[in-house]
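So that you can tell them apart, the chains are marked A, B, C, D and E in the order they are listed, and the count of residues begins at 1 in each.
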Amino acid sequence: MSLAIHQLHKSFGERPVLEDINLQVENGEFVAILGPSGSGKSTLFQLIGGLVLPESGTIELNGEAVNGKKGLIGYMPQTPSLFPWRTVLENVVLAAELKEKPDYQEARRLLQKAGLADYENAYPNELSGGMKQRVSFIRALLSNQDVLCLDEPFSALDEFTKLTMQKWLLSIWEANRKSILFITHSIDEALFLADRVYIFSKRPAHIKAEIKVPFSRPRDENLLETTEFFQLKQQIFKYLKEEISE
Amino acid sequence: MSLAIHQLHKSFGERPVLEDINLQVENGEFVAILGPSGSGKSTLFQLIGGLVLPESGTIELNGEAVNGKKGLIGYMPQTPSLFPWRTVLENVVLAAELKEKPDYQEARRLLQKAGLADYENAYPNELSGGMKQRVSFIRALLSNQDVLCLDEPFSALDEFTKLTMQKWLLSIWEANRKSILFITHSIDEALFLADRVYIFSKRPAHIKAEIKVPFSRPRDENLLETTEFFQLKQQIFKYLKEEISE
Amino acid sequence: QSNETQPAGNTATENGKQQLEKVTVVLDWTPNTNHTGLYVAQENGYFEEQGLDVEIIQPGDAGADQLVASGNAEFVVSYQEGITLARTQNVPIVSIAAVIQHNTSGFASPVDKNINSPKDFEGKVYGGWGSPIEEAVLETLMNTENADVEKLDIVNAGNADFFTMANQGIDFAWIYYGWTGIEASLRGEEINMVYLTDYSEKLDYYTPVLATNEKMISEHPETVKAFVAAASKGYQFAIEHPEDAAKILSKAAPELDAELVLESQKWLADKYQDDAPRWGEQKLEVWKNYADWMSENGVLEGEFNPETAFTNQFLPKEGE
Amino acid sequence: MPKISFRGGSAIAFLLFLFVLWELLVRLTKTPMWLLPAPSAILTEAAAGFGDFYGHLLSTIFLALLGLVVGCGIGLLTAIFLYRLPKVNEMLYPLVILSQNIPTIVLAPLLIIWFGFGLLPKLIVISLVCFFPIVVASMDGFRQTAPELKHYLNMAGATDKQIFWKLEFPHALPSIFSGLKISATYSVMGAVISEWLGAKQGIGVYMTLAQSSFRVDRVFVAIFFIMLLSVLLFGVIRMIEKLAVKGRKAGNR
Amino acid sequence: MPKISFRGGSAIAFLLFLFVLWELLVRLTKTPMWLLPAPSAILTEAAAGFGDFYGHLLSTIFLALLGLVVGCGIGLLTAIFLYRLPKVNEMLYPLVILSQNIPTIVLAPLLIIWFGFGLLPKLIVISLVCFFPIVVASMDGFRQTAPELKHYLNMAGATDKQIFWKLEFPHALPSIFSGLKISATYSVMGAVISEWLGAKQGIGVYMTLAQSSFRVDRVFVAIFFIMLLSVLLFGVIRMIEKLAVKGRKAGNR
């Protein structure tokens, strides 16, 4: 499924947040968004999710305008947002539950992969921050939607666990080619995972740059040490620096 | 003020979390903790904060055992934990309020430095994830304690804002030399900021390694590109990898 | 408590009001024509003449008798059955005047039910409030005509009034003619009455009566005397001028239906004193008879001495 | 603001509709006045008798407000006291429940015997009615504080008192208001009931008098005013709530 | 478990202490029986008269439980219905408040006229008492749902129905139980009051008869059982709450 956003404007009261955002995610494409804190990335997700309406502009899924329509994307919020009265297992199937009878077998398998096999029956208050984030991530994976919007999914993970999860996400994506829109603060992560990277300016956000990531797939962690990678990273860092220091 | 932890053990029910932790923070030292997600880092902070009692072992501040004593440290939790009915300004002075009449002048100055000058009177629900984290950070800074325990303070910030905040933290620390214990998942961050780094094993956590960071101060971001830095980083990454892959 | 002890040397008094002794009289129910004498005495200044400053209080829920017994109020409008039961439980309360000489209560039924005497109760439905006394009274009445109380269906209708009950398939209920009966006639609803007094002398008890506690009688007899004197004068006025008395009651309680008050007053005027030598007079045999009847029917537990339950000593002497 | 006035409007319109229905029903079925008077008859009586009624109304309003304030004040204090002293709570909480189960017919004579016919016993009755919902709702509110905020305050070294006043109390405000709304609704009926304890004036007095002289229309006038008062009080509490709980409508995302 | 029994113990010990105090006071001041009987006298009467009392007790328990279940059921349904249909809520919520302000002296005759002297009118009276606290508490509970969870569910495309049943309802459980506890406390008194509407049996009947024959000791026996019942009901609700709200005692940190 493809996602296309045209000339989107959004403000909260007097505060303009998004200004003339144009952005595409092709069917099966992996797109990352980078941008300063508070620029409007999460707000963009809320617009795509249909939770708020833009002042102007359209959001199209497969060419059809879906402004304000809910239930069309898989979503992982920036904070884990787990339900305290549900166990980990009950939490991960929540999104799936909304549409159909959830597949507990699959849920257990994913929990195992994320290193949470022992915590299936634990309640969220017994989990560490990173564990909650992984639960939330699995919930999004299980939601069974063709477009996934992930808001900083690995920010609370240590470098190695993060790498494992990134590789896992890549393998899942390569296997069933969902369209993924991915907010991150890590330039490494964006370059390692995505086909294209959009860089947001500071608030009110417009698209400062769009970068095609030239690396071939499948990628592995050695990529992170190549000079091309390093140069691209430097370039992006410069863009971000420009945004914030002015 | 110096912090010393001897042979600390802690488990939650059947689940051992900390096993024989020994750790020091000298007066005015900046110490970082790295470790796998779910290893027990935040739990260690809870023990230091006196919120839970260890099964055995002691926690000493300036040589005095303080197991279970509260109110001796400045603390920044892993989730922002802002009070929804307080404005940003009222939130940042909260920790200070507990001890004395808060200094609103200073609070405003710090908010300005963190790029939140316009949000002084906003409520937390109007902030982005990274903005909340900054508010929580400032709250810890304003708490006016000699030992600061920061739990992943910059995880939700973009690379450039993060760097700004890191440098700011360093400058503050260099000016008034508090003792800082700092949990992070970024090896870069640990090496850039700390005097020493403890690496936690996976749960049940013991101290896998203690690394003295050899770089002179004041440090700047060029340090991140030196070979020494890179080698140290590789070494730490190896430690972490060992922990998780077994 | 009686507040007769005024602090000496109190500042100058306006028209001597401060000399008045404050007493409280607690009604048994909402103000009605049973209480007219008290309101008249209040309005026409009879209490004041006697040196009393009377406050009339409507207690709402039960407990008026205990209030007086405990000394928190001086006088109460009560009824013989209550005082009898109270005294067997050692509640020190004494009747000092009968407001109405004969029992005016009876069993009322819409005319179309055709209930003209106790024998007609058979096969009918009685609506009451669940007191054992009711059954005993019904039995006594029906026995006089050899009717079987077992053939009567007694329904507990709680606090429902006569008209509500009549609407719910209940054939007859126990009312005071002087109030509910008058209301029925005002509404143009014809009812039959079976008066208790017509069938059993023992059931001709005093209701209502004025009462006070034993302590008042022994320690402040002059206050009691003054109160009864004024009340007596008030009732006398009501007997002689029912229209004016009704106006006084309506003025004191404008919420009442003025027409009902007037009609009720007219009906009641000659019932206050009736065949007694003076208003308020009580007879020992009435007290004794009723208590005996209660004992016989198993609704009285404990010892009851009719001589101590009432007194005529405070009633004004003839021509006083 | 236009929203608020519209909302009230919708409710009032519905009530008016009900009244019209009632009027029609009464007229069509020719229900006699003494069974169920028509709204028009009630209105006529209300207009005609308002001069007499006025004093009763004021007296009840005064009682209800005073009782509500006192009852809620005591209730809130009790809740705070019990919550902050769990040992005492264990002992006294059952008594709080028991206090709601003393029937007025027993309480009334006792109160009069102890306190006479003045304002105090009436105030006690109303307060007793109003204080319970506040206690239960507040205690439950205090208990449900967001654990991560409590965790933070504990780590920051807040004393129990500070935790209470900076976190548990403001966090429980919506619950407290929930209790307040229940109490406010009960306060008017509480005042009417308290007038059983020998009042000279008040809607309760007016109503029993009307009832005992079979003036059903007057009884309904009394009920209308009781209802009006309750709804007004409820509305006022809701307005205060909106002001007091302002700024956190959405909480933190 | 040992903790629970200990907690009950502390309250009972305190109550016993109060009884002893009461007994002493009554004996020392030589308070007459008809004013305030001593606990020992009440106990004696309770033991002696239990055979007679038993039937009344059962009848009231039955009424109270039935009324509580019906009232709370209706209350919960009403709350859900009103919450999920805000337009209807605007119209009907004032009526819910009004329902609490119909004095029994007016309601009773009407109910009897409409429904006779059977079980139904009594049930209506108890339900009317029990349903209000549930409605208010539940509605407030539904409204206070954690906004970030609601935000998530919305983004995930949950329908309003799903949001209600997966989030708002479970989230409001503590509030609902708070309302339930208030209702349970009122239910026994509600049952006693409902017995005004003509019951043959019940604590209310027993109590008025005792009152009118000045058997204050019996009145107190009745009160004791009313209180005992209420506390028991309250305790049962609290136990159910502990089971139902299990597992989220600490919420998420």
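To be clear about the criterion, a contact is a pair of C-beta atoms (placed from the backbone, for glycine too) under 8 Å apart; a residue touches a chain by one contact, two chains touch by 3 or more.
The chain list, named the UniProt way, goes like this: A, B = ABC transporter ATP-binding protein; D, E = ABC transporter permease.
The structure presented is a predicted model; accordingly, all values stated were derived computationally and were not measured.
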From the centre of subunit B, which chain's CA centre is farthest? C
Greatest Cα-centroid separation from subunit A: which chain? C
Pair of chains ranked first by number of touching C-beta pairs: D-E
Once you find the CA centre of subunit A and the CA centre of subunit B, what distance in Å lies between them? 26
Where the CA atoms of subunit C average out and where those of subunit E average out, how many Å apart are those spots? 38
Roughly how many whole angstrom separate the Cα centroids of subunit D and subunit E? 17
With centres defined as the mean C-alpha position, give me the subunit A-subunit E separation in Å. 50
Find every residue in subunit D that makes contact with two or more other chains and list them. 35, 105, 113, 147-148, 151, 208, 211, 250-253
Residues in subunit C with touches to at least two other chains are numbered 62-63, 66, 70, 161, 167
If a residue has to touch 2 or more other chains to count, which residues of subunit A qualify? 79, 125
Per the contact definition, I'd like the list of subunit D residues that touch subunit E in the complex. 7, 10-11, 13-15, 35-36, 87, 90-95, 97-98, 100-103, 105-106, 110, 113, 132-133, 136-137, 140, 143-144, 146-148, 151, 174-175, 177-178, 181-182, 185-186, 188-189, 192, 207-208, 211, 219-220, 223, 226-227, 230-231, 234, 250-253
In the complex with subunit A, residue positions of subunit B that touch it: 12, 34-39, 41-42, 78-79, 115, 126-131, 134, 152, 155-162, 164, 185-187, 237, 240-241, 243-245
Which residues of subunit C touch subunit E in the complex? 62-63, 65-66, 69-70, 82, 85-86, 88-91, 127, 129-132, 155-161, 164-165, 167-169, 299
For a test of understanding, state which residues of subunit B touch subunit D in their complex under the given definition. 45-46, 49, 51, 70-75, 77, 79-85, 87, 94-95, 97-99, 123-125, 132, 143
Residue ranges of subunit E in contact with subunit A within the complex: 148-149, 151-159, 162, 166-167, 170-171, 245, 247-248, 250-253
